[in-house]
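After this come two complexes, each holding subunit A, first together with subunit B and then together with subunit C.
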Partner chain A sequence: MSRAFLTGNHAAGYALVAAGEANRGARGCCGGVYPITPQTEIIEYLSAARFSRGAIVPVESEHSAMAVCMGASLNGGRSFTASSANGLLYMVENVFAAGYYRLPIVTVVSNRTIGPPWNLWVDQGDSLALRDAPCLQFYCESHQDLVDTILVAFRVGEDARILLPALVAQDGFLLSHTQMVLDLPEQELVDRYLPPLDLAHRLNQAHPRTYGGMTWPRDTEKQREEIQDAMDLVPTVLEEALNEFASVFGRRPDGAFSAELTTDADTVLVANSTMVRTAREVVKSRRAAGERVGLVKAKLFRPFLRDQFEKAIGAARRVAVLDRNHSPGSGGIFWTEIATSLRTRSDVLLQDYVVGLGGIDVTPAVIEGILDDVQRRDGSVAPLFIPEAAL
Partner chain B sequence: MNTGAPAHTHRPRGEALWRPGNGACVGCGMSLGLQWLDQALDEVRPYMIVPASCAVVTPGSHPNTAFGVPMVASTFASSAAVATGVSRIAKLNGETDPIVCWAGDGGTYDIGMATLSAAAERNEDVIYFCYDNEIYGNTGGQRSSATLPGAKTTTTPIGKREPKKDIMAIMAAHRVPYAATLSLGHRDDFMRKMQTALRIAGFRFLVMLSPCPAGWKSDPAEGIDLARAAVDSGLFPLYEVFDGMRYRINARPDGTPLTDYTSRQGRFKSKSLDVKAMEAAITEQWAYLEGMEQVFPAAGTDAPID
Partner chain C sequence: MIEIVIHGRGGRGGVTLAKLVAGAYFLRGNYVQAFGVYGAERAGAPVQAFVRVDVEEITTHNPIAAPDHVVIIDPSLIAAERISGMRTSGVVVLNTEAEPEAFADVFPGRMIATVDANGIAVANRLGTQALPIVNTTILGAIVKIVGLQFSDAEAALENANFLGPNLEAARTAFELVRVQQLDGPILPSRPNVPVPALGFFDHAAGSPPTTRTGAWASHFPRGRELTPVCSDRCPAGNDVRGFLQHVIRRDYTAALATILKTSPFPGTCGRVCPAPCMSACNRKLLDEAVNIRDVERAVADNGVWPMQSAPGCRERVAVVGSGPAGLTAAYHLARGGHRVVVFEADAEAGGVLRRGIPAYRLPRHVLDREVEHILGSGVEIETSHPVDSVELERLGTEFAAVLVATGLNEPRGLDVGNSRKSAVVQAIEFLDSTCRHRIDLAGSTIVVVGGGNTAMDAARTALRLGARNVRVVYRRTRAEMPAIAEEIDEALEEGIVIDELLAPVCLRPGDDGTTLECRRVVLGEPDETGRRRPMQVAGPQAVVSMRCDKLMLALGQSPDMSILPQRAEMEGCRVLTRFGEALMFGGGDFATQEGTVAAAIGSGRAVAARIMAALANGTAEQEPDQQLAGPDVMSLGRFPLSAQHRCLLTPAAERRRSFIEVRRGLASKGSDAVVSEEAARCLSCGACNECETCVVFCPEGVLAADGPEPYSFDYDYCKGCGLCASQCPRGAIVMGPCSEVVSR
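Entry: the complex of A and B
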């Protein structure tokens, strides 16, 4: 295990290269890439890599970047790319297509605000716009979490029971451009962790298939059901992947939800990405002051494991959701999922807080304000924007 | 559990790339083009990348497919990029089966243009074949930037006003190793150009004028004659461009009047059709081509010669 001091983007680049390299004994790897702030250093890292059997193709758009990935994956290669904000939105059609072709392509997203107006800072509206895509979604809190989760995403996505693409998200700038010390998984261990990709439905002259041709409604419905079936198996496959990760690398990445200090907690904060780290400090200090507060880290957004979420909050009666995203006319997007998960729990006061939009800092003071607000409220109201919530 | 994704349609390989029983219209140029492609390939088996088009709809619905070779129905704008990914992995594994994009004019001149341009600029090892029927045929006949001036379509009900985009000039400007026009009225020339394309590495661009009786409002039995008239009148020149620079003209106008072509198609029964203006444009186009061939001839170079 080697210690390193890297930016989130370079850490992500390292993990993608290691994953691609791990398929050198099979059909190799290939990714289409296109720059956009704040992920650009990832694709620069990929472009500078020397693969034993791999190719990086700098294309003319994100739409084509994913199309190159699809072609590579259909031909049996391990495939990956990275994007952000409007670039990811430009890619959307082909992310859906990758899922419907059942191709396990991993896309690292350095989250950024969708424009116009143009804003480079973090906001999760970009990857969450892919809420309804046939695609896994992970949100990472640290450089270590990011590197580990990228490897886990390949392992889960390529599993024959799953065969779906994955987005692995990090907060733009907050992770992508800051440096942290982390353990870099060595190639030899990555080789052990990621078996050679064996895509049973890859292009094959001996079995000439038509991929993505016309279907009638019933067959389409069946295809969608199969994707749901695959999503339903993610908890099982993810658990196996995390256990295997622990046995190979000696540490266990977080799963779908991590409950921290939730035993006997009355109030639980739900956060994802870097907000987890700030919320953790606030929760610890409140605990030290004798308050029964806890934290749930929400890492896996798709599939959204409702049962696991309900378990994670334990006996808490007040749940505050931090959403660094906003669906106009609805509210926070994690909150929407959580409200569905708790639909039978009339005993729980669930309040959504839309925070940090467009890259506003979510400071300890902001989270303190949210905890104060949720603890004193008589009932929940429509999602609160932070200026209101911080009162 | 996954019982086999229905998006992947599998049928035992037949002897044909494009099998009987497909749903192409009577007189479809695209359908005949696929059969000629198959004959030109002979024993070679290609990977086909086909963006949204009649070539995705007419093979039939799952679990049937008229394609007897692997075919990826790509998103509309993506065929040249999907082909890139397929090609790069094939190269990494020493595989040489040709990778063929088979796209209509909508997927080539319009929505796929940026993708096509980029793949050409990267000189990907792909054969890009455009069957050009000068409309969005699959959606019922809307104008594309390949539609001729004066032609009626459902979105140009009084006839299109703008000239047809010169796709060959665009592709030549990319300096691709090989670009050629193909006609169903000239089978030997078609086969020779396919052979040439198969011999050359890198990005190869082929465009075939593809009669579409439904969109052209023409007699299905006359498709080949129309394709020939388009060449003989000078409207659709047959030529090749090597490395984007060296020109070879394969057939010259023989005096056939343009009206022999236009009068047999309902799409040209429009008040905006200006035959004189089209003839003037044809004359200009030929002056350009002849000039290019004279100054930058393909003969005498290392270009394959018949």
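Entry: the complex of A and C
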């Protein structure tokens, strides 16, 4: 392991390059790229990279960037790209297509608020807009988590039982543009962790095939069922991938949900991304003061593993969800998933808090206020907006 | 944990400074975090960057509310509110020329560190005077105040590939930073709660902050003036583009003054110059050259000639010969303050202009006006004063410098047998004699041998003196004739016959007159001048005979070197052999043998400069070798097509028997619209003529017409996009690295 001092974007770039390079013995790698703040440094990093076998293809739009990735992936190349906000929304059609083609493309998302109004700062509305895409979604809390999860995403997505693309999200600026210390996985270890991509359905001149042609309704339904089956296998494959990661790299990245101090907790905070790190400090200090509070880190959003979530909160009776996103007419997007996960738990008071929209700072004080609020509440109400100024 | 907040302005390197400070600690094995507040950076608004350092992993991602140290990298941001929330123990680092004590009122009770980072950065050429980039400089000061070694700064800079001047600037700041504990109680401050900028400005609350977008540029445009091809080719060195621009505004007097800076003969050149400027004119690639010669003529005819001036009182200079070279040199020497005396063998000044060029091409009143102006510039003349080598030596004792500009006066001969001497004359002598007494050639047949202007002049003069038939015999073809093309056209119009590819061999007297026998010629391989070598064809069929009462030889002339002592050597215009005390020079055709009036004028000006430099014990200033405004810098496709306005001609029938001027200029008297229209065809190659194309195309509105230059660029706001330079149709704007452009 080599210790480095990098921005989140450069760390992500490093991981993508290492993963691509690890496929040099097979069909190499390829990224179709188009820049957008706050992801641009990833594109810069990729564009400067020299691959043993592979290429970065600068194109005129995010839609084409994903199209390049699909072409490369369908040819057996390890493919990756990155985007943010409105750029990611422009890519959406092809993200769906990549999933339905069963192509294990990894897209790093530097989360950014969707405009208008024009706003550069973090908000998860962009990647969560792909909630219904056939695509895995991971939310990372740190530079280390980001680098490790990118490798895990390739490993899981490329598994013959899964064959799905993945989004790996980091908070725009809070991680993407913040330079911090992390361990960079060495190429040799990445080579060991990521076997050559062997895509069974890749283009093959010996066996000409047509992809994505017209099908009958029943065939389409079957395809959707197969994708659901693959999603259902993610917990198994992810577990294997994390175990393998631990044996190769000597550390184990977090899985779908990480329960921290929840065993005897009355109240549990659910958070993701950098908010987890702030919440963790608050929970620790409350514990020190004798309160029975716990924390669940939600990292895997797609598939949403309902059973694992229910297990993670333990016996808690009050659950507060921090959502740095907002689905108009519904509320926090993680909250709606959690609500369906707890549909049989009528004993739990589940309250959603919409925080940090448009890049508002989620300070320890904000989280303290949320804990106070959920603890004194008689019953849950519609999702509460908690702007910083309210506290 | 150590927490540092850096206050700067967007785009000036504050975040990089945070990364460098964090990098210094990282390389010592610490956990670090460096980040900025993004989004507002393009507004040039005040922004912050943050550094955290700890021995344990850092888990917070919130901005720093209670920093240990505060660094203010932009002097304009120094204010009490910047350290709001700051802990009491740390240091406030300021980029300022002032001493720490100067901030007693702003930051009482605080530990203050000051460093003139702007000055250090500029001294190390980091950024510009207007926009110094100070982050690497301030790193040196920060490293010092937090107790690290300079080697830590060095390592951080090296790790980030900041070397050379950055390292030197940091070292200077490390050494020069001053730290002082200020007296008094620390001011209470509200907790600092950073709020991200919202990306919009409420105009009701004031104006958006100023954005000096010039900081984004790597290259800036600047105006430039390239040498136009016309001036470059003008033997006299006239500022053609410059005088045409005055003519467009019908300011003939300003145009005349422009020409008179280089040539005292605009009326002459406007009539007899072969106009190499027109051959070179870029406009020829578009449609037709600008009719520069006829515009120059109009300038001489319409401009107000300047006032006379008294003779100069500096060194005494003698000029031998009052042809175009001698008079031009005298003119420039007199303008340079020297006392000049011209010695002319003839009774009137003008040399070849008066004796060699017929009046129908150069009317005498035009020449008289120009000679009068030259003499009025302080030049004295002694006419009927021949100078031989003895006299030249005498002049050498009397004058500080002597210029010999006696032109070409040794005509080349031709052996055509022992015929009557009177049947063969030199064309140049014939032309000279027509000026002195009346000659009647009525009914005779004249043959002129040669292809230059002297041949044309002799032939056409003979015609005007009554000759019945005039033929020009030339051994090459018309295309090779050195005479001005228009002169040949006009001669043909007047009825002169040109016999190509003939070489005169013998002049035979006969019963009914003299016959000239010629031999046919074919052209062989090119000779050293690049022209094909004529070769006589053998055999009786190749003989052509023609009647010839008088044969005129116009085969070129060479200088009469007998004026110089034997074995005198010349190097360029300088006579190397010293005799007498004077500095001795040669000029015009005497030295160069180029054979055109314009070349003689150019030589006269150049030799005058040499003489003045030599008298001042210096060397003549070389004119800088400037880039030419050739077709490569011009966007010719942007200009509309327009036909050349041509010179009016006296009808051929009218001019055959009189010395009335053939070429009448562009316009009849009193109607000069056509002249300025013709001048307006000038593309102003390589120089701004305020066409405003750049102003129209500039997307930033940074071009203004308010300075001494036609346009000024506001480099505070120019982003260096280069549209102005690419769109200028005449190559008058060029891009260069910002530091070079701004420091010019």
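Quick note on the criterion: the second predicted complex is superposed on the first by the 386 of 391 C-alpha atoms of A that agree within 3 Å, B and C clash if a C-alpha of one lies under 4 Å from a C-alpha of the other, contacts with A are read in each partner's own complex, and residues count from 1 in each chain.
We adopt the following convention: a contact is a pair of C-beta atoms (placed from the backbone, for glycine too) under 8 Å apart; a residue touches a chain by one contact, two chains touch by 3 or more.
Note that the structure is a prediction, hence the values are computed from the model and not measured.
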* Put the two structures on top of each other at subunit A: do subunit B and subunit C fit, or clash? -> fit
* Which of the two partners, first being subunit B and second being subunit C, lies in contact with A:Ser47: first, second, both, or neither? -> neither
* Touched partner set for A:Cys69, first subunit B, second subunit C, both or neither -> first
* Should A:Ala55 be classified as contacting the first partner (subunit B), the second (subunit C), both, or neither? -> first
* Which holds for A:Gln308: it touches subunit B only (first), subunit C only (second), both, or neither? -> neither
* Classify the contacts of A:His201 with the two partner chains as first (subunit B alone), second (subunit C alone), both, or neither. => first
* Asked: In the superposed arrangement, does A:Thr274 touch subunit B (first), subunit C (second), both or neither?
  -> second
* Asked: Just subunit B (first), just subunit C (second), both, or neither: which does A:Gly359 touch?
  -> second
* Could you let me know whether more residues of subunit A are touched by subunit B or by subunit C? => B
* **Superposed model, angle subtended at subunit A by subunit C and subunit B (C-alpha, nearest 10 degrees)** => 60
* Asked: For the superposed model, what is the least distance in angstrom between any CA atom of subunit B and any CA atom of subunit C?
  -> 16
* State the interface residues of subunit B toward subunit A in the complex, per the touch definition above. => 1-11, 13, 45, 47, 49, 56-57, 59-62, 65, 67-75, 77-78, 80-93, 97, 114-115, 117-118, 122
* Structure fact -> Touching subunit C in the complex, subunit A uses residues 5, 37-38, 117-121, 171, 173-175, 177-181, 274, 277-278, 280-281, 359-364
* subunit A partner contacts - residues on subunit C that touch it in the complex -> 15, 18-19, 22-23, 26, 31-36, 38-39, 57-63, 194, 196, 199-200
* Structure fact -> Given the complex, residues on subunit A that touch subunit B span 27-28, 30, 32, 53-55, 57, 59-61, 63-65, 67-77, 79, 93-94, 97, 100-102, 160-161, 163, 201, 203-216, 219-220, 222-223, 226, 229-230, 233
